[in-house]
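Okay, so chain A shows up in both of these, paired with chain B first and chain C after.
== the complex of A and B ==
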């Protein structure tokens, strides 16, 4: 295709990409470089039903003038990225100074908000993704072997976890794992420990979230693999059978190689999806034991009286960088393929 | 839940009964109310809605998300709402942006029914009208205490002892309930506990936090002791979920909000026999300070700055009608909260709030950066309570998180 035709061909999608992807990302990056103006404070007397107190208050008039002069706020450069809420360069330095061995050092660094969120996000991504692929594959193989009559209903029920809204799904499970819920109390009896709580122990909370993630996403892998299985070439399969290949050998040497590109596709989708894990943390009220990068953004925007835009923007930029790093191997491979063809 | 009430006004007036006085408003304009969503506020807002007529339009939006939309909604010109129902905490963001209107002229013209204690004066100007008071109070099961010969605790030390006694007697394994869910609830619990020390939260005249001290550590240690007597899922306990535990006879003591007490002592509720034995007292103090470990709150309303004088006049009149003594003449409404309006006779649900006030509890600080500290506390204390951190480390994390946020918001340089 001539370059000119190609350019015209992709122009509409390129425009849409610029408008809906590049510009918002650019504005987020810009936002992350600014913080709120220095607040002008005045002391005033507050009186109400409980008596009078002297309290400090923002001078709204003076602040308005400042904001009109510089609407974006005070330029802070990459200060927000380096502060204690994000990369925490200074605090890591302090911790380095006061700790003697690597164990304590890492332990304390992993307690910093961004690193704590990052370690959970990465664990979630790298544990849930492979399990989803493997489980989805086996469900697909199983369903594919079922007789036609019950196939339809089984497929429908296997898809349910994906159809349920993540927040609702996690809330339902949340009540089931309560120490008085059906799963929670069953586990207590099973282990013989009446104080066991899936919600209190950090490890068990992590495990719960992982299990939830696998439960929720496995149907996606299943449906993709199942579609792929319908296209596995019958000739190859039959010649493998003639050659005396067992069922396992047929799966290993015919089905899996054939489905490999699909596995890559699912891995890509799941890496991106799982890296932005958020709803289950809210649904399971797990913020005490597990926070993710997306959760940090949410809490910057929602929990304080006024949103901390710079913090949220900085975390967003760091998350975007994280996604790029995660997808790098795939991107590099695509680039190589492209060059080879050209 | 956004509903235009013009069409339903007739029905509402019908429900309110023919005996109720009609709302008559001078002038014409529109009343647009933004409020939180709970029973006591609903009673007020429903009365204001009765003022809809040919010349006065009334719309209301009662939502628990009110705090997140109020600044944006009042920033437009004209503002999306004329009346914002606020509490002492949620008024601060509006004041910070200068979005509310002084009410002195309106109070003078239409506020005959108001009492001096209802007027929230900031720097001499009336910026809001309070109509109910709220705070946490100690709920307890009178029957269980009596059967086991335990006196009603007046300090946290006694509360811990009483809980231990109930466990030893085999009455209850986990007799204590407090809202320790990370986030707003847990932050509020620490703030309440720290209030019992009488120490300030910030260095005088600055936004530098002053909680990383002995009082802060002692407050945390007290909370840690409480966790010994709370259920295994305590880190997800919050005030919305307390009732099932209470009605299931799993707890004998609970620190809970006055605005929710009505549901706990409701003898027409799910468990009348438990409700009948539920009583409230002032929050306990600790460390020999004798100050109830709680914050006092008021709920009231402020008015948007960016509205026409006509809208302001009719909106204020509608609120005055809503807050007239007739509001609390209805016993059911009177039982919902500790009202500050004229003509209110204290009810059992309000006893704890009044006891807290008399025992010297202080209001929740209206300092602009208090919300940031509250958030930092809510996010950083869970690990200590679960035994993964020391109290010093937890407070250090709080100070670091708060300082980062306060610097970004321009309060600390």
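== the complex of A and C ==
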């Protein structure tokens, strides 16, 4: 296809992506280098019946002019990245001086907002992803062995957790694990502790979110593996059988190697999706015990009086770096594959 | 018994055949285990939705029952409060009192335009990527992959300030084009691999017959591309319908779609003890998805696997 025709065909799509995906990344980098204007204060004399007091107030007029002149704020360089809300370089230095052993040092660092969010995001990504793959694989094996007639309904119900909006799915579960909800009260009876609440302790909140994540994504792995199982070569399977391989050996040495590329694909998609975990935290109202990088950005933008653009932008840039590091192995591999083909 | 020729199979003694069959037949404990596991999974997957759908017709004292979970099924408090085992109060409150219908209409508008525009852009782009052999197609696809991995909220934090400055914040049109753009990477990848599976000869012979590239696309490719387009369209629909990040940050309260509307319900109504409004709204939002999966199960399954099988 000649370059000209190609560019005409791709233009709308490319334009949309450049304007609303690539440019915002640039905009985020730019915004992260600036910080909100300092408050312009004026001194106002208030005279009442009991004499005069001098009050300092924010000069709204001057602030508005300043904002209009420089909407992004004043230049701050990489200051926002280093402050206590982000990389917290100074604080880490302090903690390093103060603490003697690694345990307490790490403990205190993990309480800084960005590191707290980072550790949750990474735990979520690297715990949920393998569980999703394993659970999905076993569901696929189970469903594949069912008689044809009931496969359809089973697949229908299996798809639901994935298709339903994450926020809504997590709300549905949230209401059920409420101490007055069915799962919550069942757990209380099981454990024998009437005060048990999945929302109170950080550990239980984390576990709840992980379980939600696995529940939400397992259908995806299941469907992909299930489709893969339909294509397992019959000849290989039969010769393994003839060679006297047990059921487990057949799964281990025929099915799993055949499904391996699919597992890589699921892992890639899951790493991307789980790294941006965000809606479940809103749905489960879990922000007190678990925050993710995406949630930090969201709460900065939602901040009470005015959005903290600089802070949100700095976290966004750091998150983007995280995504690129995460994707690096895949990108390198795709690059090699492409070069081999070319 | 490693050699299995046809003759061998024919000559196989009944005893040998029986042994062969016993290898394929499943042992009883294993079947039980496997079926039991699937049953457990189906319950885990479906029960929360059925439970919530049923409970949405009860009053709060039943749905969150302190005394006995059976109340949620029988509706003891519901009968006491409303005189009937089922009540539409939650729906009445959400749809009429809290103007949920407005959010439903907005969702309808947003999803319709996102799907139509995404598919238009995506088929053109995906077709071009599948038919051009130059190296830059690779770079476009890789860029799309990175864009696909970007957390949406990082993009939103890039939009807000410029949108405020340009005065285009809060409108449905802005949200639609943003969702189209966020959706493009996925649409491009999907339709790209779909068009690769349509033989090149089809449009090339049309061009030999004197069509331009665009005519070939319109006359030869469009008629055969519908299966791929429908599958991709379903996923565009799901993205637009399910989006929370973009719609909650870029829309004013009146223009909100369903998902952010439900989220703001939680803040405003939970305090007043009207949590059943939110439950009813959640069930209203799930219902269309239910129908969608019912009708398009095959397409959804094939769409999910398309990327895997080809890549």
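Following the convention adopted for this analysis, the second predicted complex is superposed on the first by the 291 of 342 C-alpha atoms of A that agree within 3 Å, B and C clash if a C-alpha of one lies under 4 Å from a C-alpha of the other, contacts with A are read in each partner's own complex, and residues count from 1 in each chain.
By definition in this document, contacts are C-beta pairs under 8 Å (C-beta built on N, C-alpha and C of every residue); 3 or more make two chains touch, one makes a residue touch a chain.
Given the structure is predicted, the values throughout are model-derived calculations rather than measurements.
Peer 1: Using the touch definition from the top, say if A:178 reaches chain B (first), chain C (second), both or neither.
Peer 2: both
Peer 1: Does chain B (first) or chain C (second) touch A:161, or do both, or does neither?
Peer 2: second
Peer 1: Between chain B and chain C, point out the one touching more chain A residues.
Peer 2: Chain A has more residues touched by C than by the other partner.
Peer 1: After lining up the shared chain so the two structures overlap, which partner does A:87 touch, if you call chain B first and chain C second: first, second, both or neither?
Peer 2: Neither chain B nor chain C is touched by A:87.
Peer 1: Touching A:281, do we find chain B (first), chain C (second), both, or neither?
Peer 2: neither
Peer 1: Considering only touches as defined above, state whether A:47 meets chain B (first), chain C (second), both or neither.
Peer 2: Only chain B is touched by A:47; chain C is not.
Peer 1: With both complexes superposed on chain A, which partner does A:111 reach: first (chain B), second (chain C), both or neither?
Peer 2: In the superposition, A:111 touches chain B alone.
Peer 1: Kindly list the residues of chain A that each of chain B and chain C touches, one partner per complex.
Peer 2: 178
Peer 1: For chain A, which residues are in contact with chain C within the complex?
Peer 2: Touch list, chain A to chain C: 1, 3, 5-6, 9-10, 12-14, 16-17, 19-28, 31, 71-72, 138-139, 141-143, 145-146, 152, 154-161, 163-169, 171-173, 175-176, 178, 180-182, 185-186, 215, 218-220, 223-224, 226-228, 231, 238-239, 241-243, 247, 261-262, 265-266, 269, 272, 275-276, 278-279, 282, 293-294, 297-298, 300-301, 307, 309, 312-313, 315-316, 319-320, 323-324, 326-327, 330-331, 334-335, 338, 342.
Peer 1: Please give the residue numbers of chain A that touch chain B in the complex, ascending.
Peer 2: Where chain A meets chain B, its residues are 35-39, 41-51, 53, 55-58, 60-61, 63-64, 74, 80, 83-85, 91, 111, 113, 178-179, 194-197, 199-200, 202, 285, 287-289, 299, 302-306, 308, 310-311.
Peer 1: For the complex, which residues does chain B have touching chain A?
Peer 2: Residues of chain B touching chain A: 67-68, 71, 88, 90, 92-93, 95-99, 117-124, 130, 133, 173, 181-184, 205, 207, 231-236, 296, 298, 340, 357, 362-363, 365-368, 371-372, 375, 378-379, 382-383, 386, 388-389, 393, 397, 400-401, 403-405, 407-411, 413.
Peer 1: Quick check: in the complex, which residue numbers of chain C touch chain A?
Peer 2: Those in contact with chain A are residues 1-2, 4, 20, 23-24, 26, 30-31, 34-35, 37-38, 41-42, 44-46, 48-49, 51-52, 63-66, 69, 72, 120-122, 124-125, 127-129, 131-135, 138, 140, 142-162, 164-165, 177-178, 180-182, 184-185, 187-188, 213-214, 217, 238, 241-242, 244-245, 249, 259, 262-263, 266, 275, 278-279, 282, 285-286, 289-290, 292-294, 297, 300-302, 304-305, 307-309, 311.
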